[in-house]
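What follows is a set of structures to go through.
Each of the two complexes below includes chain A, the first together with chain B, the second together with chain C.
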Partner chain A sequence: MSTSAPASRSVRDALYEAPGPRTRRRVRIATAISLILVVAALAAIGYRFYITGQFAPRYWTFFAKATTWKFLLQGFAGTVRVALTAGAIALALGLLLMLGRISHVKALSTVCRIVTDFFRSLPSLLLIYFFFLIVPQYGIKMSSFWMLTLPVALAASGVLAEVFRAGVNAVPKGQVEAALSLGMSPLRTTFKIVLPQAIRFVIPSLISQLVVVVKDTTVAYVVSYPDLMQNARVLITNYDALVSVYFTIAIIYILINYAINQASIYVSHRLGVKIIR
Partner chain B sequence: MGLTELLSLYGQNYLQALLTTWLMTIESFALVMIIAVGITVMRVSPMRPLRVAGDLYVQVFRNIPGVALLIIVVYALPSLRVVLDYRVCVVVTTVLLGSAFGSENFMSGINTVSAGQIEAARALGLSFSKILRRIVIPQALRSCVLPMTNLLIAVMLTTALGSQVPLNPTELTGVVSYVNTRVTGGILAFLISAIGYAGTALVIGAVGNRIDKKVRIYR
Partner chain C sequence: MTDATTQQPLIELKHVDKHFGSLHVLRDINLSIVPGEVVVVIGPSGSGKSTLCRAINRLETIDSGEILIDGKPLPQEGRELAAMRAELGMVFQQFNLFSHMTVLENVMLAPTDVLGLSREEARGRAMSLLERVGVAEQAEKVPAQISGGQQQRVAIARALAMHPRAMLFDEPTSALDPEMINEVLEVMIGLARQGMTMVVVTHEMNFARRVADRVVFMADGAIVEEGAPDAFFDHPQTQRARDFLDSIKNH
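Our next item is the complex of A and B:
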């Protein structure tokens, strides 16, 4: 995020005085040396691929086949299905948890706080084990889709509740007081005055939280749900090409998440609000 | 299976798992801090290739899913003839992921210092290293406390990746699967681990908040 914010450039650059001729020369030399170091590091990685024979055509040619991409695309569709469903559930649940937490009913607010903090402080893998290993012990049968989607949604809902709360806190107190003094009920104030603004404040943050959801879906192989990662594993056994497939898949995930992050930055500029993490 | 039975049979495993998680978290977080500082120095250096490399590092490891990175470290690196111990693999993965976020925290800490302050310091005749030591770093560190607290918790949660490889002793998530392959532990088998994580996070959060209250700069 800081790479594209204009403010960061100014601090990065404000650190240095306008260089004189000698400093300019020194910076030029250091730049050249650092460039060589960076290139050397990349070359060393490339060399490792080369000497271990990972550039051999048999590891890469199947990427030219349409069936490979069709299969990966099916996996990607699975990832999208899980991510969007989990995201939608997490949005609703997160909003409910936040509303409960800011309510004036003490018991409700305490329960919601504990639930929020609980889900926020668990690794999503543990939640997946809960649905995969523990829930079936009670005779409840779930499809692999829900065994994956529910834990991802629960893990995200705790985080989203906190994001929503930050949005509510960003609405000026004076507005609430004004609404109450005009005779609006507290409930009406929350839904007509606070929430519409709070949600606007957190839209970019909600988009960037989608990255976490997409990352969490990659453990689909635990419950053998056919997502992008799981289909990649099938591809690996089919073509016996581990390194090339994993690196390609990793790059695909990085690009997807990078795109989501950029979208969130774009929206935050458009709306003129900051991204809360 | 009741709590007492579960604890008498597997209490030792849970205790060891909790200690393993704590130890891996501490090791990882220490390395995360060191590497994050290094990456941040690269990103604010006047050398463009270093800046680009630092930014690229952050973008890659911020956006890669933990499982994907772990699998690359565990299964793909041996094909490139880099073989690491399973536990080292988990720590390496956690450190790579965590350091990207750590560097982002440092960068936003640096960004809380206004450019005007640096210009003022320079106008007063402070040298570059003095500007860094007296103006930028103290303020950046103070405003980093809460984000770094959250990062420490995130690092702890990331070590749960250890459940995906054979570890001995296993960590707090893996132990749930270990116990459940032997007995039907029920919801308790999950809750013991969950409380281990949530309790640790609660303590880290409380300590972080306290430190933050002490050192925070109110603007």
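Our next item is the complex of A and C:
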């Protein structure tokens, strides 16, 4: 919130003092050794790929076809659709769960705590099986999109409720006291003073959580929803090319999540939230 | 500067007691403040003076006794409590400006939200108050961009924007750098001169001597001594008060 851009600090700066000359020499030696090890590991992997024939043209030439990329792009669009929808539902539901949990109404607060903990502790795969295998038995028809999106959203909502609650707890008590002392109602105080500040505090965590949502969507194959992972599996079967396809989509997932992380850093800077990374 | 015997008290505490667990923080507090009176509460830290100040608008609850505002019991909750709080301005040690709003929005919020003023009216009121406390040029900044002294003056303007009947100050200068204390005290002195009813918890003895109609000395949760400032500072009646005054002198 200050005018000057916050100095970029890493966890290292926050935890350790500036190194002296002897430490710096040791750091240099360790850096050199690690570099050699990394290069050696990469070379070993490349070599294994080579002797097992992974560089053979038949594993890679289909990436030159437009249809391959069109198909992957459709999968990418599916992933984005599910991730954004699930993310939006999880945000809204997480906020509601948190508001319920901090309420003075004991019954409501207890229910919201149980629901939060329930979704937070369940693996999303289990929730997906529930929507895929159990829900249809009760005659509820759902598209594969919702069979994937709802469980991913529910699983994330529990985590987000806790993220929001951490944000609310981080708002200084004096802010509430000041609002109350001006004659504002507790409800207005929550919505005009506490929540805007709480959300600002946790925006970086909220966006990081979107990374988890994106990764959760990869279990789409359970319900045969055509996301990036599912379409990749189709390519693998078509071209009998396991490693090259997984390698390629791994890079795409890394790029997506890198972009999300960059977005969270950008947003935090815009809001003047100091984060340590 | 009113005659305390003839008027109905604006704020009255009767036999107020409060415990924090086993700690007896307020012991049988009896205090009444008439309109226009400036009461300065002093005492060592942990004496319960902040708790007393905060109890008056129910930021602290009490265990027993009565707090009356204008002869009526302090409401316990809901709309009535909010309405009562709106009539009592409060200034905190840590300023507590809303950190996500500009200075101007801080001062405009409650008049629009609680009193239902239009934005134009609220803006006019806010700007003239910011002018009065000398921070009008900072109106568009957020609290983190201005100094502690400026923040506290904004906090005073924010409380005044509700046109309160009395102002409660809970150690308003204790968190300030020394060079900023006076700018805040000047604003408070101005308020006192204009006849505002004030309860001020402070360590600023010169302020107490200059501005107070009455000094209340607290120790261990009880009011040990009270009186006119000159009488209290020059001839304290109790050993406890003498010890306290000695401990803060000689520097």
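Simple rule for what comes next: the second predicted complex is superposed on the first by the 236 of 277 C-alpha atoms of A that agree within 3 Å, B and C clash if a C-alpha of one lies under 4 Å from a C-alpha of the other, contacts with A are read in each partner's own complex, and residues count from 1 in each chain.
Definition applied: contacts are C-beta pairs under 8 Å (C-beta built on N, C-alpha and C of every residue); 3 or more make two chains touch, one makes a residue touch a chain.
Quick caveat: nothing in here was measured; it's all calculated off a predicted structure.
*Asks:* On chain A, which partner touches more residues: chain B or chain C?
*Replies:* The partner that reaches more residues of chain A in the superposed model: B.
*Asks:* After lining up the shared chain so the two structures overlap, which partner does A:Ala43 touch, if you call chain B first and chain C second: first, second, both or neither?
*Replies:* A:Ala43 sits against neither chain B nor chain C.
*Asks:* Using the superposition on chain A described above, determine whether A:Val105 touches chain B (first), chain C (second), both, or neither.
*Replies:* A:Val105: touches no partner chain.
*Asks:* Quick check for you: in the superposed arrangement, does A:Leu35 touch first (chain B), second (chain C), both or neither?
*Replies:* First partner only.
*Asks:* After the superposition on A, what does A:Tyr253 contact: first (chain B), second (chain C), both or neither?
*Replies:* first
*Asks:* Classify the contacts of A:Ala179 with the two partner chains as first (chain B alone), second (chain C alone), both, or neither.
*Replies:* second
*Asks:* Given the touch rule stated above, what does A:Ile193 touch, chain B (first), chain C (second), both, or neither?
*Replies:* second
*Asks:* So which positions on chain A get touched by both chain B and chain C?
*Replies:* Shared contact residues on chain A (touching chain B in one complex, chain C in the other): 1-3.
*Asks:* Sort out for me which residues of chain B touch chain A in the complex.
*Replies:* Residue list for chain B touching chain A: 43-53, 55, 58-60, 62-69, 71-72, 75-76, 79-82, 104, 107-108, 110-111, 113-115, 118-119, 122, 128, 131-132, 136, 147, 153, 157-158, 160-161, 163-164, 172-173, 176-177, 180, 184-187, 189-190, 193-194, 197-198, 200-202.
*Asks:* Quick one: which bits of chain A touch chain B in the complex? Just the residue numbers, please.
*Replies:* Of all residues in chain A, those touching chain B are 1-3, 5, 7-8, 10-12, 14-17, 19, 27, 30-31, 34-35, 37-38, 48-49, 52, 54, 117-118, 120-126, 129-130, 133-134, 137-138, 211, 214-216, 218-219, 229, 242-243, 246-247, 249-250, 253-258, 261, 277.
*Asks:* Which residues of chain C touch chain A in their complex?
*Replies:* By the definition above, chain C touches chain A via 57, 59, 79, 82-90, 92, 94, 96-100, 109-110, 113-114, 142, 144-145, 155, 158-159, 162.
*Asks:* For chain A, which residues count as touching chain C in their complex?
*Replies:* Listed in rising order, the residues of chain A that touch chain C are 1-3, 172, 174-175, 177-185, 188, 192-193, 196-197, 200.
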